[in-house]
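Working notes for the structure below.
Order as written gives the chain letters A, B, C, D and E; numbering starts at 1 within each chain.
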C-alpha cells in the first residue's frame, strides 16, 4: 500500500519523523511525502496530482479543495503559536515585543497573503486594540518592517544570517537545531491568533491508509512528535 | 523557394514542436483569467507599484550590464584559450545555482554579517531590503551568462575587420565602439533583450536577498508568488499580466532598435 | 620625404621570413610566388604581427625595435594597407567605409564630405556612395578598399594586390591614378602584384621575394636582363635553361642539364654551373635549321601557340623547352603552323646571357 | 602584447568587477560549510538520490534540446525578417516567466485537468509527478532561449560557405550537418553547456509541475528547498555541493569536447 | 557532350540582367567590366539565385524553367563553381576541403585518397594537404578552391576569376593544366577573367557582358578586329575613336567627336555616327609628320611610356588619345624619347576599321 501525503513545508520535520515511526509500525505501508507551499499543493491536487492525504498550513488552501469536492471533511491536526524571534545579538535590546517599536530595528514578518503574514497582521490588529500596548506603538513597529516574506523559513534564514534583528514566526520554527541561535519572546495578550493545520483525506485517493495515518497523528505518539517540534495539539473549535 | 524536402519538414517540425511547447502553457495561462480580471488588476495600487519596481529594477540593472558586461565579454573573447577556460566556467556557474542558493549566497556575501558586511557598513551602505539589492540580484544572475554569450558573439566576428580599423588609425577603444560593437549589434541587442527578460522573471534570489516589501522591493514576480499563497486565481491573472507587459516590452524594444544590416 | 628601413625576422610554418629592405618614397613593387611571404611581410610592417627580431624605421620614427623593446601599435604607425581580401566594413555603406578613418581623425562636415566626394569621383564609384558594401561586385569592392586607405593620408602605403579584381580598363586607369596620387604624396609604397604590366608601370624599383627572402632588388630592366631566379625569369616570361659552362679547348660552350649543347660568343662566364637566359622575342623560328654552323639552335615541337595581339607566342619542346614570340606576320609567312609542327629556334647570340649560379 | 592603455584597463577592470560579483557570493557560500559537512552529505541516501535525479533529468533533456532545438534554431535563422520577429518574441517569453508562473502554466497545459489533460489521459500518459515532468519543465524553461541563441550563432555564419557546399552536391541536410553545425560548433557547445547548467538549477517550475518527491522527482535544487525548511545550514551545504558537482561537470564537458578551430 | 543553353532575366539594382547564351563543351571566356553582372549570371546558372524569367538547359536536363515552374536546387544541378571569394571551409583542412564533395557522393577509402592526392599533385600543393585553410596564402587558397570544385566531376563548370590571386608562373601552369583537364572532360565551362592572356589562351569562344547583357560573342580574333564596345576595345588594348563618317564629295572622311578629321580608304561605312578602331601595333610614330598627303595622321604629346619586354607602349594625347606600340629598337632609334615629346602617329590605312554604330 502506498500513502501519498501532500503536506505544507512547515511540517517537513514532524511529518518526516511521524512517517518513519508509522512506517515502522505498519511495514506494509509505504509513505511518500511531498512538501511544498500549501497553495502549491492545492493547485497540484486540483490539476489531478495523485495524493491521498492533504495537510495544509492554512484554511484557504483547504477550503479551495473542499469547494471543488476533492477532499472529505477536514480536521485540524495541530496548532501553532506566533512568537517573536530575536537574534542572539539583539536579545538584550529586545526583551519584550514592545521593544520592537524602537526606531532603526529591522523587523521581518510574513506577507499578509501567506498564512504567517495573515496571522501577523491579525496580531498587530489585536495589539493595536490593546490599550496596554497601544496603536501608536504598533504603528512604530510596522514602520520597522523591512520585508514581508512569503515563506516563514525565509524569515528564519534572515534572522540566522543576521540580516534582520527580529521576526515574527511560528513557535515550531524555533525548535529546529539551527534556530537555537534565536531567542523566542512570547506576545503578551491572551487572545492571540493561532495557526491551525487542517488535514483531509482526498476523495479520489487511497482513503483507508490516509485515515489510519490521520488517526495515528491523534494518538499520543503522534501528538508527542508534533509537540517536540513545537506544535500544539489541535484543541477544539474552528 | 524550393520544394520542401524531408529535411525542411524536420526543421519545420522541430520548430512547430517547440512552438507548441511554449504556446500551450502560455495559452493555458492566458485562458485561465478573463480580460476583465486583467483590466481590474491594472487598477490595483499594489500591482501598479510592483510593475513600477519591476521595470525600475530591470532598467537600473541595464547600464551596469552593458557598461561592464560588454567590455568584459570583449576582453574575454580576446584572451588565449588557456586563460579563457577557467573564466568561462566561472561565468557558467551562477546559472547552475537554484534561486534559493543564489539568494543565500548573496546574503552571505553582501549581507550585514556577510563577507563584505563590515566594509559596506563602514561606508554606510545596507543592501538587503533595498531596491539596490533587487538590482544586485538581477546582476548576479543575469550578467555572467550575458558576458559568456556576448563573448561567443564577439568570437564570431571577422578579426580582419578589426585589423583594418586599426590600420585606419582606430585606437583599440575606437575599434571596439565603431567596429566590433556595430558588427555584433544584432546579436548583442538580442542578448540584452533576453537579459532584461530574465531579470523581469527573477524570483528566488530576489526574495531572499532583497526581501519582499510592497512598494519598495516587491517586483511583479514576488507579487505573483505572494498572491499565489492566498488567492491563486489572482496569481494566474498576475502571471498573464506579466506576460502581456513583457510582450509589449519585447515588441517595443524591437521597434526602437532598427536592425543593422545582417553581416 | 621619409624612407622605410626594415630588417626583420619571423618564422613562418615552412621557412623563416628574413627581410632586409629599404623603400624610398615612390612605389616599390614586391613580386614573388604564391606563399613567398609577401602578405606576411606587409602584416609585420603594419604592426599586425610582431617580428621575432629586427627593426623598422619610417623616416625619423622607429616603428619597431626588438632590442629596445619598441613596438608601435598599428593605429599609431600611420601605415595604410589594402588587404588582399579587402576587409571592408559590412556594417557601413561605401561612404561610411571611406570616411571611417577621417571621422576617427575628427575631420568633420564639409572637408570630410569633399574629400570623400573627390575620392569617389577619382575612382569612378560616385554612384555607389550609398550602397552597402556587401552588394558590390568584386571590382567595386576593391576600389572602395583603395579609397578607404588613401583617405587617411598614410605615411607608408602597403597595397596587397590592390587591382587583382579590377577589369583591365579600370586597372589601367587606377594604376595611372595611383601613380599620380603617389607622385603627389611622395610616400614609400610597397605594392604587391602578380601583374606584369603593373610591374612594367612601376618599373624603377622592384623587389622579388622567395621563400621569405628578398632574392633580387633593382629595376625591372635589370630583372629582365639578369633574372636571378626561376621565378623572376618565368614572371618576366624569359627562357631560363639550367646547365653548366664547360671549357672545350677552342672556347667555351654551355651544356644544359638535359644535354643540349650550345656554343658561341654568349658562352661567357667561368666553367661551372650556370643558367642561360634569353627573352622570347629574341628567339627566331625556322622550319629548316639555318645554314652555316648553327651553334645556338634548339630543335623541338610546337607544344602551345597563343596569339597575343599582333604577336604569336610559341612554346617549343625538345631537349629543352623554349618560348619564342614572333610577329603575327612572320607566323602567317611561315604558313600558320600549328601545335605539333617541328621547328628550329635560334636566338641572337648577343641577346643571350649566361650567368654563373 | 602591447602596453596596456586605458581601454585595456577598462576591459580588465570590467572583467574583474564581474569576476568579483560572481566570486564573492560563491566564495561566501563555500566558506559557510566545512568540507567535512560536504563529505558527510555524500553519505546521505536522500542527497545521493537527488543528485541522481538531477543528473538523470538534465541528461534526458539533452537529446530533445539538441534534436529539436538545433534544427529549429537553424530554420529560424533562415527565415525572412518579418516572419522571424514574432517567433523570436515567442522564444523570449518563457524567460520572463517567474518560476511559479511557469510551473502553473505547465500544470494548466499538461496537467490532468489541463488543456491536453484528456488527450494525454487518452493515451495513458500522466505527466505531473513523474521524471518526465521534470524533463518537460527543463525543456520548457531552457529550450526557447537555447533556440533563440543558437539562431544568433547560425546567423553569424558566412552564408557563402553553405552555398559552396550546395554546389559541391550537399543536400540541405548535409549542409546543415557538415558545414553549418561544425562551423558554429564552438558556440553551440557553449550554449549546450549553459542550457544544461540552467536545467540543473531549475526550481520553481519543477516543484509545481513535477512535485518534490524524494527519489522520484526531487532534484538537488528541490532537496535544497526542503532542507531550507527544516535545516538551513544543511541547505547551505547542499548548495555548496551543487556548485562543486556543477564545477566538476562543467570541467568534464570541457575536457571531452575538443574545441574545433576558431573560424 | 552536352551544351548549356540559357535565356534568363533578373533585375539587379541598376539594370536588368538579361542574357541569352549557348555554351558548348569547352571553355567560354566571359569578359566584362566590374559590376557588369558576370558573378550574378554565374549565381543564376548555379541555382543560388533564381531568375525572374527564362530557362536553363544543360544537355537534356532542364535546370530551370520559369514557365513550367521547374527549378532544380543547386545540389542537384551538378554545377561546379569556384567563387570569386573562394569560400573555403575554415573548419576543414586542405584535404578535407578537397574531399568534401567526394565524401558526399559516398566515395570512400582508396579511390578518394587517390583522387585527392592526384589533384594535390597536379596543382602543386601536396605539401599543404594537412594545413588549415585559414593559414594559406592567397594563391594557395585559390588552388584549393579549384581542386575542391574539380574533384566533384561537375557537368558544368563556372569559374569566377579562378586565377586572379595566382602568381604568373602558377597562373600559366594552372591555365595549361585546366585546359588539359577540360579537354579531357569536355564539359561546358564558363570562365570569368580579367586577364588578357587568359583570354588569348581560351580564345575560341569569348562572350562579353556589359550592363547585364551579352554585347559580343565570338572568337577573340573577331573581338580584336571588330571591338563592338568601348570596353572590348580597351580590354584588347585597341584604340577606339568615336565620331561620324561624313560624305564630302571626293570621298568620305571620318570626323572624331573632338574635331579630328581623317581621310582615306578606311573610311568605309555609311555616313553617320561611327567609331574608328585601330590596334596600337598598327600605329607608327614619327618625329616629323610624314611626307605626301598625310590623311591619317594624329599629332600629340607623349603622355605615358611603358616598356614591355622588347616593345614600348606610348600613349599620345592630342585632339584624340591614341596608343601606339613600337619595338624597343625603333624607340632607341628615335632617340629614346620621353614623356612630353611631340610626335606624329600614323596608322596603316588597311588596318584601321570604321564601324557604324
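The rule is short, and it goes like this: contacts are C-beta pairs under 8 Å (C-beta built on N, C-alpha and C of every residue); 3 or more make two chains touch, one makes a residue touch a chain.
By chain, UniProt protein names: B, D = Molybdate transport system permease protein.
Just so we're clear, the structure is a prediction, and the values are computed from it rather than from any experiment.
When each chain is reduced to the average of its Cα atoms, A sits farthest from chain E.
Of all chain pairs, the one linked by the most C-beta contacts is B-D.
The most distant chain from chain C is A, comparing centres defined as mean Cα coordinates. Rotating chain B by 180 degrees superposes its CA atoms on those of chain D, with the angle stated to the nearest 5.
Averaged C-alpha coordinates put the centre of chain A at 35 Å from the centre of chain B. Centre to centre, using the average C-alpha position, chain A and chain E are separated by 89 Å. With centres set at the average Cα position, the gap from chain D to chain E is 56 Å. For chain E, residues touching at least two other chains, in rising order: 73, 85. The multi-chain contact residues of chain A, meaning those touching 2 or more other chains, are 40, 43, 157. Chain B has residues 104, 108, 114, 171-172, 225, 228, 263 in contact with two or more other chains. Chain C contributes residues 46-48, 73-75, 78-81, 83, 85, 87-92, 100-101, 104-105, 132, 134, 148-149, 152 to its touches with chain B in the complex. Of all residues in chain B, only 158, 160-161, 163-172, 174, 178-179, 182-183, 185, 260-261, 263 touch chain C in the complex they form.
Taken together, the chain D residues at the contact with chain A in this complex read 100, 104, 107-108, 111-114, 117, 126, 128-129, 207-208, 211-214, 216, 225-226, 228-233.
Chain E contributes residues 13-14, 31-36, 38-39, 84-85, 127, 131, 135-140, 143, 160-161, 164-172, 176, 194, 196-197, 200-201, 203, 220-221, 224, 231, 234-237, 279-282, 304, 306-311, 325 to its touches with chain C in the complex. Residues 5-8, 10-12, 14-15, 17-19, 21-29, 31-32, 67-72, 74-76, 78, 81, 85, 87-102, 104-106, 108-110, 114-116, 139-140, 143-145, 147-149, 152-153, 155-157, 171-173, 176, 186-187, 190-191, 193-194, 197-198, 200-204, 220-221, 224-225, 228, 235-236, 239, 242-243, 246-247, 250-251, 254, 259, 262-263 of chain D are the ones that touch chain B when the two sit in their complex.
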